[in-house]
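What follows is chain A paired twice: with chain B in the first complex and chain C in the second.
The block that comes next holds the complex of A and B.
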């Protein structure tokens, strides 16, 4: 098992994890775009929405993952990382979404790569957030911190943009153009957070409007996406 | 309105106006002792703590601005300690307008420490950041897990019909021992504000940190963010102060 894992190129692992076909219910997520559109955002606002998330909530998630990866590699306790993330994620709806995505991901990766120490460490936590489970996956598959942060940034951009295609009458090529235009910001985000090691270092960039939309979405009965 | 702007050219760049409020239990009885102090340059404005009344272990203090504020190079620093088992209420006679700082900035730093069983109710009045203002605010709170804090804050970006000023707000709330409760940075300016708070100019918050049995579950179900470690943040975004500040919510938690 160990030998066969070593032969997988990291690029291929990253492709697998970033693939929307990964059975972790990614299609149920709009990364708060659905309530944002209901509140009045239009198609032209979507690229700005993507950029705002990368500067705020996604930055917190990517930094949390990087710090968790550092802790896992050194066998440090993860509870301080989880506490840093939850104190920076004011919206209970966003915390619940992250944890339910984390459960699905943990179930999948534990089956694909059973017996890795990092996944065992995370499984012992009752309700790990998605950033921590992604960090354990990265630790198990020998991904670098920068790659992990890029994965989180890229996944968020794709989640918003693919949800936009279901919610708005858009040309898929235009939307792919938005994703491509956001890539430099994803790259910059990864470079900014990749060196972080301490829970206190995790940026605390709040986004009150996005958090309010996330809460409002919980209480609506008319929705296509779960979050 | 005519405002005489005091000449602050004589003072040093780091001239900080310090205000200290300490409410400590008196070991001899059930009364509390209060210490109010300020330390500032005569040319600098300062927040003067005025004792309104005191009964037993409770005290009410008004924070009265002395001198025009908030202008460029004003540095307001508040250090407040609410000792074991004491109860402090802070009121403000009026809101604060931060004026155009023409490339300079002002700071407003608050440190709160709440001991075991202590209670602080702070009815903050609006801070209005006029176009051109640049205010760096920090709020650092350390509290015992059984302390009670009710804090109201209202941030207004720009006077009516005006561009937003800049407010960089750093909030750090920890339990004694270091566990984080609420950690948030907001950097609001004319460019970032539309992305961070949408089509709004008012951010109204009520923060309640209290033992679980003291949290009014029914109060203000909307705009409510239940924090991971207990406690609730109510945050409402709006365009007008009177319509955004939820007085019912504040009345329920204060």
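The block that comes next holds the complex of A and C.
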């Protein structure tokens, strides 16, 4: 049993949330890598794909989460944050994927940490996006904005790379090397977005090609990954 | 800011949701590739759609083939058949991380709940065709069927495994093919019964209406038990017992479950 008087180091909370074994259907996601490969990208392109996502769609996600965290900590209404994310995520398929992942995450964290104010706030929205639910999780567990942004960047890199191992003939050690090589970019992304507070601050840094691939994926009949 | 966060007690119960008699019964169908899981589900839809409100979730490994097969079989409204992609992890999706399937089941149930609050009676969840060790988490399904077929070999049932030994029902499918593949279907069913400690085994072929009627009667009985809150999901078990060809038992062989780690 957990001694309720003990405190948990934030590093451990972050490890729990970043662990691929967290049951939030992460194994169903390729972060758009599957349609990108179908469209012609090859193994050598994967590190570039990771870097592109960190500069574009993942940047939107991380910035949205940080702004949502700011709003949750001050009890501000989240609808403008959600709207800012939605306006910058033009692919309906990517929005649907995010909301589905949000639902999976909310289901888990509401069970583990029931009754926190932040989770109540996002549960009242019918279909919150993943960034907002991650922010509510961070608020519930006293994670800082930089840690939240790092979590989002890291998870995106790992999602692409672990999907690459299923889709391409690769050496897992090489792929882990790609993850390690991307860590400075994750760190930089976190530093760049951590101070944001207003919905207007969320960068409009979508990637039309990635969004087009996400849309195309919905209509394929042979796919390993949901998105 | 301190680096520690106050701990909150984890809600530790594996599944605090009480057995429900109001939501649909969730019935899992698993077993190796090609044993007839999709056909069994199509058969149940054909036989039961007249009396029960049904839904189906498929977990294909690399296509939505199973969902398309069921839709094209014309036995159920295509809107009631949903496919879940498992990211090449069919085991995970029914056992370690059931989230995608739970959400699909909840959405299906919600979509077919009418204004009066009545909805689906039965949701059939088909696992991705995998190997002999895959079983459903009891947090995903209320009851599960493991499907073998005679063409996979008469000795498969005897060899055992968690699904074969402890699924709520073992179906030995395609008994009509037994004569063509040199298998004694009656013996196979009997050996399966012995491996299962008396749990039910059903020899099935869709050309034998009596066997189909027995399958439907079993499903109806499970549903009745679920509705009165008497059905408690049983776990067939985490792993197949496995074989050690070491000096101690190398001659006679033997299956055992143990709790020591392998070096």
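The working rule: the second predicted complex is superposed on the first by the 222 of 227 C-alpha atoms of A that agree within 3 Å, B and C clash if a C-alpha of one lies under 4 Å from a C-alpha of the other, contacts with A are read in each partner's own complex, and residues count from 1 in each chain.
The criterion applied here is as follows: contacts are C-beta pairs under 8 Å (C-beta built on N, C-alpha and C of every residue); 3 or more make two chains touch, one makes a residue touch a chain.
These numbers were taken from a predicted model, which means no experiment stands behind them.
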Item to complete: Examine A:90 and indicate which partner it touches, taking first as chain B and second as chain C; both and neither are also allowed.
Response: first
Discussion item. Touch test for A:146: chain B only (first), chain C only (second), both, or neither?
Written reply: neither
Worksheet item: After lining up the shared chain so the two structures overlap, which partner does A:197 touch, if you call chain B first and chain C second: first, second, both or neither?
Response: neither
Worksheet item: So, does A:176 touch the first partner chain B, the second partner chain C, both, or neither?
Response: neither
Item to complete: Counting touched residues of chain A, say whether chain B or chain C comes out ahead.
Response: C
Discussion item. Contacts for A:29 in the overlay, against chain B (first) and chain C (second): which applies, first, second, both or neither?
Written reply: second
Worksheet item: So, A:123: does it touch chain B (first), chain C (second), both, or neither?
Response: neither
Worksheet item: What is the contact status of A:103 with respect to chain B (first) and chain C (second): first, second, both, or neither?
Response: second
Item to complete: Enumerate the residues of chain A that count as touching chain B in its complex and touching chain C in the other.
Response: none
Worksheet item: Along chain A, where are the residues that touch chain B in the complex?
Response: 39-40, 48, 51-52, 55-56, 83-84, 86-92, 95, 203-209, 211-212, 215
Item to complete: In the complex, go through chain B and note every residue touching chain A.
Response: 170-171, 173, 179-187, 195-200, 203, 223-229, 233, 235, 237
Worksheet entry | Residue numbers on chain C that touch chain A, as the complex places them | 1-11, 16, 61-64, 68, 84-89, 92-93, 96-100, 102-103
Worksheet entry | Partner chain C, residues of chain A touching it in the complex | 2-4, 6-11, 13, 21, 23-30, 100, 103-104, 107-108, 111-114, 116, 141-144, 163, 166, 221-226
